[in-house]
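In what comes next, chain A is part of two complexes: it sits with chain B in the first one and with chain C in the second one.
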Partner chain A sequence: MATILVVDDAAFMRMRMSKILSEAGYDVIQAGNGVEAVEQYRGQKPDAVLMDITMPEMDGLTALREIRAIDPQARVAMVTALGQQQVVLEAVKQGAKDFLVKPCEGERVLAAVSKLCA
Partner chain B sequence: MSKGQRLSFDLDDEDLKLFNEEAEEQLELLDTALVHLEGDPDPDLVQQIFRAAHTLKGSSATIGHRRMAGLTHAMETVLDAVRQGKLEPAPAVVDPLLRALDALRLLAQEVVLKRHSGVETGDLEAELHAALETEAGPFRHEPTPVSWALSGAAAAEAFAQIERGQPVYLVHVRIAEECQLPGIRCYQVLQELDACGVVAWTEPERSLIEAGAGEFSTRALLASDVGEEQVQSALAAVSDVGLAEVRALTAEQLTGVAGGEATPLFEAAPARAQLTVVGRETPEAAAAPRKTTQSVRIDVERLDGLMNLVGELVIDRTRLQQIREQLAGVLRQTSHAELMENLEETTAHLARITDELQEEIMRSRMLPVRSVLTRLPRLVRDVAAKCGKQVELVMAGEETELDRSVIEEISDPLVHILRNAVDHGIEPPDERRAAGKPETGMVSVTAWNQEASIYLAIRDDGAGIDTEALRRKAVERGLVAAETAEAATEEAILQYIFLPGLSTAKALSDVSGRGVGMDIVRTNVERLNGHVTVRSARGLGSEFVIQLPLTLATTKALMVMAGGTVYAIPLVSVTEALAESDADLHQVGGKHTLRLRDRLLPVADLARALGERRLAPVEGPRFVVAARHGDRQQAFLVDRLLGEQDVVVKSLGDVIGARRGLTGATILGDGTLGLIVDTASLLSEQAQLAATA
Partner chain C sequence: MATLTAELEGTLSRVARDGAARAGRGLTGLMGQEIAIHVPQVRLGTRADACDAVGGPETVVLGSYLSITGDISGHIVLLFPVERALACVDLMCGQPAGTTREADEIACSAIGELGNIVGSAFVNALADHAGLALHPSPPSILNDMALALVETVYAEVLSQGGDVVMIDTVFEDARGQTTGLLIVAPDPVCMPHLRELAA
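Up next is the complex of A and B:
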C-alpha cells in the first residue's frame, strides 16, 4: 500500500488525517513543519504528500519547492484554509497536483489521495 | 413583388423573436460602427462590422429572406475587402454601406410585419459592387472564412492544424458546484490542456484564468495531436471536474460558416460591450477593466412582473412595520417583551431583504444609456451634412445605467436637443474660422450617475443662444409681457426657450423645424419626474442638462393627509415640511405666502389645488410642505404629515382614471389608496393660475 506524508503543524489535524488514511489502508508518516517534511521526503520517498500551507520554520510553499527539487515527480496536494487562494494558485503553478480545503471530509481526502497515487 | 404584398418566411414565432433580437443587435452595432469606418479604422472595429454583416447574412439566408441575404452578402464582400486592407474605406465606400444599412432596417422589419416594404436591393447591391472597383482596381472577392472568437494568429494556427489532418477540440469543462476554489481548478484544467497541445482560445481568457479568476465553466479550443480519450483522461486528473466535453471540430464548424448558415460556436462576449468607438473615451473609462459577466436574456414582461411582486412585498413590509409599532406599546407592558424583540428583529431583517431584492430587480431592469446613444453618431453625421457643417461628436459615460422605461422615453428629447445643437448651435465652418475657432465644431453627450439621479449633458461649442432674439421673439409672440422681458436677467431669458410656441431658428429648417420645440422636450422630461436646465454663453456654446430619476417604478415620497385623502409627494421635490405654527406665513396682496430662506413662496391648500371641492373643516394643527420643480417653488397646506415611504407607482388609469396634478396611485400598507402628486404639472398649473389671477 502506498505511503502518504501528512504535513501539518497542528497535531490534531495530523491525527485526523492519519486516522482517515490508515483506516483506508495507507501507511502514514508525519511531519510538523516544512523542514521536517523535506527531511521525511528525502528519507522515506512517500508516494504522496498532503501539505499544510501555513506552518512555522518552513511554510508549505517553500517545502513544496524543496521537495520538487529533490523529486520533480513528487505528488503533493496542498491543504488550505479558505482565503488562501493566491497561495494555492502559486503552489499549483509550482507543481502542486491538487488541493484540499479545510475542514476536509474523509471522503474528499481519500478521493484526492487516490487520485494522487494513481 | 411590390410594396404591401404579404410575405412569408421560414420561421415560427419563437424563432422570429430570436431573429429580431439578433437582427436588432447587429443593426445597432452597424449603426454605431459604420460611421467610424471612414479614414483609418481600428481593425477590431472592421472585424466587428464585418461579423455583424455576416451574421445578418446567415440568419436572413436561413429564413429564406433573399433580398436581405443578397444585400448583406454584398456588404460583407465590401467589408471583407476593407478588412483585408484591399479597399480603403473612403466615403465612396462608406456611403453605399450606410444606404444599405437603411434598407436593411426595412428589410428586417418585413420579417415582423410579414409585408413587403417596397425595398428592392438590386441597385444597392450594384452600388456596393461598384464600390469595390473604385480604388484598388478590379477586385476579386476571395472568401476567407473567419472564426468567431479567434484572433488572427490563433485562428491561423487552428486552421493549419486541421489542414494537417490533426484534430482541433472544443473543450467545455464544468467544475463541480461544491468546489470552493473553482478559479484554481480552472487553472489546473488549463495546465492539463497546455500539456496536451496548443490552446488557441479560452473563455474566460487565459490571463484571467492564470490570475485565478476562472469560474465554474471554462471553454477552450485545443489543437492537439492526441486522441479525444487522452484529453478526457487528462481532464479527469483534475479534482472537482464535473463535466468535460471534448469535441473534435471540422473546418466548417471552426469557421462557423456551414452552408451559409451562421452557427456561432463560441458566443464571445457581446461585441457591443467592447465597442467604444465614439469619440474620445474618458481616461477613467479607458482604464476601467472590462468585466465579463455571464448573462441571460429575460423577457421584459417577466421583469415587470417581478417588479410588481416586489412592489407588493414592499407594501407588506410597510404594513408589517406599522403593525409592529402598534404591537410594541401593548406587548412591552406585558410579559411578552421577548416576543416583541423577535418580531422587531424579523421585521428589520425582512425590511432589509426586501430593500435588497427591490434594488436587485430594479438593477436588472437597467440598461446602459448606450442603447440610446448608439444612434447619435449617425444622426449627427446626417444633420451636419445637411446643414453643411463639420461636427465632431464626443460621447462619454455610455455605461451609465437607466431603467428601461426611462430609456425608452428619453430618446426623443435627447435627439431633439442634439439636432438643435448641430443645426442652430454649431456655426458654419467659415463663420467659425472668422471667430477664430476650429472649423470643426464639437458636440458632446455625457451621461453620469449622481445619487439617485442620472444626468445627461448635451454641450456644444457653437455660437451660444442669442438671448436678444429670444427676448424679442417671446414678446412678439405674446408669450411674455414686454416689461417682464425687459426686466428679465439673461439667465431668466434663457428659460424662454422652453416656452410653448417659440422657435429661435431664423427660418424653419428641414432639420429641426418639425414643429417640435424645446417645450416638448421639457414636458417629456418632466413627465419622467426629471428636469432640464440650460446654460449658454454667446460665442462659447450652450449646455443642456437633463436630470432623471433612476427608475420610475418606485419613488421615495413624503406621505401627507389632505382633505381626508392620503397623498404621496415625491421626495425629490420636497424642500421643507413644517408645522403651520412654525411657518413664517404672511398675507401679501391678499395672497398667502410663505417666507422660506429669503424667498416668498405662494401657499395653496393641497386638496383644493388638486380639485377636491367638498372639504370637511380641519381641526387641530396643520402643516406646510414646500415643493420645488425646476425653478418653480410653491408651498402647500396639508392636514397631517405621515412620514416618508417608498411607494410603488401604479398608473392611475388602472385605478381611478387619469386626473390632473397626479402621476399615479399607490396602495398603502393598510390596503387603502394613496395618490401620487405630479409636482411638475401641479406647480406649473399653480403658476399659470397665479399669472392670470
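Up next is the complex of A and C:
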C-alpha cells in the first residue's frame, strides 16, 4: 500500500488524518512543519503528501517548492483554510495536484489521496 | 450585565445559530460522527461576566483565540474550564469520557482546531449575513487562569469601553454534551457598524 506524508503543525489534525488514512490501509508518516516535511520526503520518498499551508518555521508553499526541487514528480495536495484561495492558486502554479479545505471530511481525504496515487 | 438591543440580539442570535450549524457540519464531517452545536443564549457581558461564565476568574481554562480582520476587526475566543475542555477532546477523538486526563499536545491541538472551526464558522456566518469581507486568523492555544486570559486578550477592547458578546456554546454527540463560552469582541470602533447592520 502507498505511503502518505501528512504535514500539519496541529498535532490533532495529524492524528485525525493519519487515522483516516491508516484505517483505509495506507502507511502514514508525519511532519509538524515544512522543514520536517522536506527531510521526511528526502529520506522516505512517500507516494503522496498532504500539506498544510500555514505552519511555523517553514510554510507549506515553501516546503512544496523544496520538495518539487528534490522530486519534480512529487504528488502534493495542499490543505487549506477558507479564504486562502490566492495561496491555493500559487500552490497550483508551483505544482500542487489538488487541494482540500479544512475541516476535511474523511471521504474527501481518501478521494484526494486515491487521485494522487493513481 | 449589559443588555443587547432587541435588533442586535436578534441579529447576533441568528448569526450564532447559523455559525453553530456550519460548525456542527464541519465537525461532523471531520470526525465522521454526528456532533451538534447549540447556542442557547447570546448576551453582552463585562470582563467579570466572562470570567464567571467559565467558573470564576481563578478557574484554569483552556481555549483558543482567533483575530478577525477585514471590513470589521475584532477577536474571538472559545473558552472551557479545563475539565470541560478535556471532555470535548474525548468527544472530538471519539474516546470514552475521562480518557483524556491532561492538557497535553493532542488535547491543546484539538481545542485549537475546535476553536478554529467554531470561530471561523461564526465569522463566515457574520460575513455572509452582513455582506462583509471578514478573515479569521489561524488559532492560538490559550491555557491559563480565566482572568489572565480575558485581561490579556481584551485589554484594548475593554479599556475603550467596548462590548463583549458572550455566546453559550453546547457541543453534543450521542454520548452527552459539554458547554463552552464563545466570546466575540469587535474592536470598539466597529460596534456602531454592527448596530447599524442590525437596525
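Descriptive notes on the structure:
Note that the second predicted complex is superposed on the first by the 118 of 118 C-alpha atoms of A that agree within 3 Å, B and C clash if a C-alpha of one lies under 4 Å from a C-alpha of the other, contacts with A are read in each partner's own complex, and residues count from 1 in each chain.
By our rule, a contact is a pair of C-beta atoms (placed from the backbone, for glycine too) under 8 Å apart; a residue touches a chain by one contact, two chains touch by 3 or more.
The structure presented is a predicted model; accordingly, all values stated were derived computationally and were not measured.
After overlaying the two complexes on the shared chain, residue contacts for A:E105 are found with chain C alone; chain B is out of touch.
By the document's definition of touching, neither partner reaches A:L50: not chain B, not chain C. Residue contacts after overlaying the shared chain place A:M13 against chain C, while chain B stays out of touching range. Contacts of A:A74 after superposition: neither chain B nor chain C is touched.
Looking at the shared chain after the overlay, A:A37 reaches neither chain B nor chain C.
Of the two partner chains, neither chain B nor chain C is touched by A:A63. Once chain A of one complex is fitted onto chain A of the other, the partner contacts of A:I4 are absent, as it touches neither chain B nor chain C. Comparing the two interfaces of chain A, the one with chain B and the one with chain C have residues 82 in common.
Taken in their complex, chain C has these residues touching chain A: 26-27, 29-32, 92-93, 105-106, 108-110, 112-113, 116-117, 120, 124, 135-136, 138.
Across the complex, chain C is touched by residues 10-13, 15-16, 20, 54, 81-83, 102-106, 108 of chain A.
Chain B contributes residues 180-181, 183-184, 187-188, 191, 211-212, 237-239 to its touches with chain A in the complex.
If you check the complex, the residues on chain A that touch chain B are 80, 82, 85-86, 88-89, 92-93, 98-99, 101, 111-112, 115, 118.
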